[in-house]
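Listed after this line are the structures, all set down as C-alpha cells.
Two complexes are shown next, each including subunit A; its partner changes from subunit B in the first to subunit C in the second.
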Partner chain A sequence: MTTSDQLSPGSREWLLAFADDEHMIGSRHAAWIGLGPFLEEDLAFCSIAQDELGHAIRLYEFITDEVDRFALLREPAEYRSAWLTELPCDHWDQALTRHWLYDQAEQLRWGALSRSSDDGLQALVARAEREEAFHRQHAELFLSRIAAGGEEGRARIRSALEFLLPYAVAIWEPVAGESEALSDGLITTGSDSLAQQWEDSIKTSLEGWDLSTSWPQPISGQDNRHARTPEFPALLASLQEVITIDSAAIW
Partner chain B sequence: MTMRTYEVFLKKDGKDEFRHVGAVHAPDDEMALPLARESYARRAEGDLMWLVDRQHLLVADPDLLAPNADKPHRHNDGRRVAAKRKNERGQV
Partner chain C sequence: MTLPSIDAVLATVDDPEYPGLSIVDLGLVESFDVADGHVTVGLIPTFSGCPALQMIADDVVSAFESRSDVTGCTVEWLAGPVWGTDRLSGQGRARLASDYTVVLRRKDGTLRCPVCGSDTVTDQSMAGPTRCRSIAWCNECRNPVEVMR
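Moving on, here comes the complex of A and B:
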C-alpha cells in the first residue's frame, strides 16, 4: 500500500479531496437514519451512506496510519471536501438529487483511478465500483419515478436541481497539483474530461425525464477546496462528538 | 407513488429451500428488487432471492384447512407402535 511519504503533494491532494468528499457525503446521508420517506428507503439510503464512509476510510488509509484522528480531528481549513458534500440538504428531494449528482461524479472519479499505478488502489476501485453500480441504480430508479409522477414531485426536483447544480458543477474544480497526480500515474483522466463526461450524462438523464434546465456556472469561492461552507463547522462538531469524549480510546 | 407489497424469499447456496423472510413496500417491480436487497440481504443472508407481488398470491380460505385440524391419526410419530412393541416384549 502506498504510504503518505511516498505520495507526491499533488497525488495526496487528489486522494484527500476524494476521501473528504466520501466522508462528508456519507455523514450527510447518514443523518437520514430514521427519517427516510419509508422504511425500505431508510435502510437503502443508510446502506449507501455506510458504503461511502467505507470508501472514505479506505482512501484515508493511503494518506495516514491514524484514520480516525485524521478523519475527525483536523482543522476545517485542512479538509478538502467539495461544498456539494458539506451542505445539509434537510429536505428529501435535495438529499436524493444530491445523491444522484454526486454518485454520477463518483463513478467517474473511481474510473480515473482504475488504471492507477498503485495495485492497492486498483483493488479498492474494483470493490467500490461494485457498490456504486447499486448506488446509481438506486438514485436513477427513484428519481425517474418522481419525474414520471405528479407535478409536485417534479417541481421539487427542479428546485433541488436549481439549488444544487452550481455546487455540483464546482466539484470538478481541479485540486492543487492535479497535473502531478496525472504525471505520477495515480489518475489517468483529468478533471476537465471527467467534468465533460459528467455533464453529458447528467444532461442526457434530465432530458429523458423532461427536466432539462439551464446549465449553471460553478459556484465560486471553494478556492481549490481550501474554503469551507458556513455549515461545515457545525457538521464537523457533530462528527467529533464521540471521539472528543476520549480521543485516545480505541474503538 | 402508489406502494405495492411484495413477499420476499431468500435461499442460501446449496440444498436449502427458499424461505420466506418478510415483505417490502415499493412502488413497482423494478424498485422492489433493490429495496428488498437492502431490507433483507444486506448481510449476505441469501444468494438467491424471489419476490412475489402479494396481489399474485393465491390465498386459501381458512375453511378449506379447518377440517384437518382434528386428525391425530395423520400425525404418525411412532409412539403408539413403540408402546405396543414394548408391551409385547414385556409379555414374553
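Moving on, here comes the complex of A and C:
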C-alpha cells in the first residue's frame, strides 16, 4: 500500500480532494437521519453516508497514519472538498439531486483509479464500485419516479438542478498537479475526459426525464478547491464536537 | 498454537449484529497465521462503512489474548478481496434464515421466504437495519424479510 512519503504532491492532492469530498458528502447525507421524508429514506441516506465515510477513511489511509486527526483537525484552508459537497442542501429535493449528480461523478472517479499503479487502490476500487451501484440505483429510482410524476415534484427537481449544476460542474476543476497524478499512474484518466463523460451521462438522463436544462458555467471562486464555502466552518465545527471533548474517541 | 486451532478460535467469535453467527460463517476471515505465539488475522469488511469493524477486531483480539499459548494478536482489515454473499457458509445461511429471517438472493434474483418457504417475496427498501441488509415482504405469510446483500 502506498504511504504518504511515496506519493508525489500531485497524486496526494488528487486523493485528498476525493477523500475530502467523500468525507463532506457523507457527513451531509448523515444529517438526514430522523429527518428523511419517510423511515426507509432516513435509512437509505444514512446507509449511503456510511459508505461514503468508509471510502473517505480508506482514502485518507493512503495519505496519513492518523486518519481521525487528519480528517477532523485541519485548518479549513487545508481541506480540498468541492463546494458541491459542503453545501447544506437542507431540502430533500436538493439533497437527492446532489446525491445523484455527485454519485454519477464518483463512479467515474473510481473508474479513473481502477487501473492505478497502486494495488491497494485497485482493491479499494473493486469494493467501492460494488457499493456505489446501490447508491446510483437509489438516486435514479427516485429521480425517475419524481420526473414521471406531478408538476410540483418536477418543478422542485428542476429548481434543485438549476441551483446545484454550477457547483457540480466545478467538481471537475483539475486539482493542482493532476498531470503528475497521471504520469505517476495513480489515475489513468484526466478530469477533462471525466467531465465530458459525466456531462454526457447527466444530459442523457435529464433528456430521458424531460428535465433538460441549459448547461451552466462552473461556479467561480472555488480556487482549485483551496477556498471553502461560507457554510464550511459550521460543518467542520459540528464534525469536531466529539474529538475536541475526547481526543482519544474513535471516529 | 496450530493453524486448525486458530480456525477453531475464530469460529467462536460472533458478528456483533448476529449473535450465534461467527465471523467465519459470515465469510469475513480471509487469512490467518501464527509466528512465535503471535497470531495475525486478515479480515475483510462486508461494507466499507460498517460501523462494527472496530468491535469485531477487538473481539478477535480478546478471543486470542485470553489464551495462555498466545503472546499477542494483530487484526488487519484487508483491502481485498471484495466481500460478497457467496462467502457465507452453508451453516451461516441456514442460521441467518432460521434465527434472523434473513435470506440471500438466488442467482435469478428471486427470494424464498425463510418463514413459510413461499416464493412470493417482493423487495420493499434497499436500506435495512444494517448496511448489509435490505428489506423485503412475504406476500404469502405477510412477514417482513431481510435480505443480505
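The criterion applied here is as follows: the second predicted complex is superposed on the first by the 247 of 251 C-alpha atoms of A that agree within 3 Å, B and C clash if a C-alpha of one lies under 4 Å from a C-alpha of the other, contacts with A are read in each partner's own complex, and residues count from 1 in each chain.
Just so it is clear, contacts are C-beta pairs under 8 Å (C-beta built on N, C-alpha and C of every residue); 3 or more make two chains touch, one makes a residue touch a chain.
The structure presented is a predicted model; accordingly, all values stated were derived computationally and were not measured.
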Room on subunit A for both subunit B and subunit C (clash or fit): clash
Larger contact residue set on subunit A - subunit B or subunit C: C
Touched partner set for A:91, first subunit B, second subunit C, both or neither: neither
Touching partner for A:51 - first (subunit B), second (subunit C), both, neither: second
Subunit B versus subunit C as contact partner of A:203, first or second or both or neither: neither
Partner chain(s) touched by A:149 [first = subunit B, second = subunit C, both, neither]: first
Partner chain(s) touched by A:40 [first = subunit B, second = subunit C, both, neither]: both
Contacts of A:130 with subunit B and subunit C, given as first, second, both or neither: second
First (subunit B), second (subunit C), both or neither touched by A:138: both
Superposed model, subunit C segment overlapping subunit B, candidates 4-12, 58-66 or 112-120: 112-120
Shared contact residues on subunit A - subunit B and subunit C: 40-41, 43-44, 47, 134, 137-138
Subunit A residues within the subunit C interface of the complex: 1, 26, 40-41, 43-44, 46-47, 49-55, 57-58, 120, 122-124, 126-128, 130-131, 134, 137-138, 250
Residues of subunit C that touch subunit A when the two form their complex: 45, 47-51, 54, 78-84, 124-129, 131, 135, 149
Touching residues (chain side subunit A, partner subunit B) in the complex: 38-41, 43-44, 47, 134, 137-138, 141-142, 145-146, 149
Residues of subunit B touching subunit A in the complex: 1, 3, 24-28, 30-31, 34-39, 42
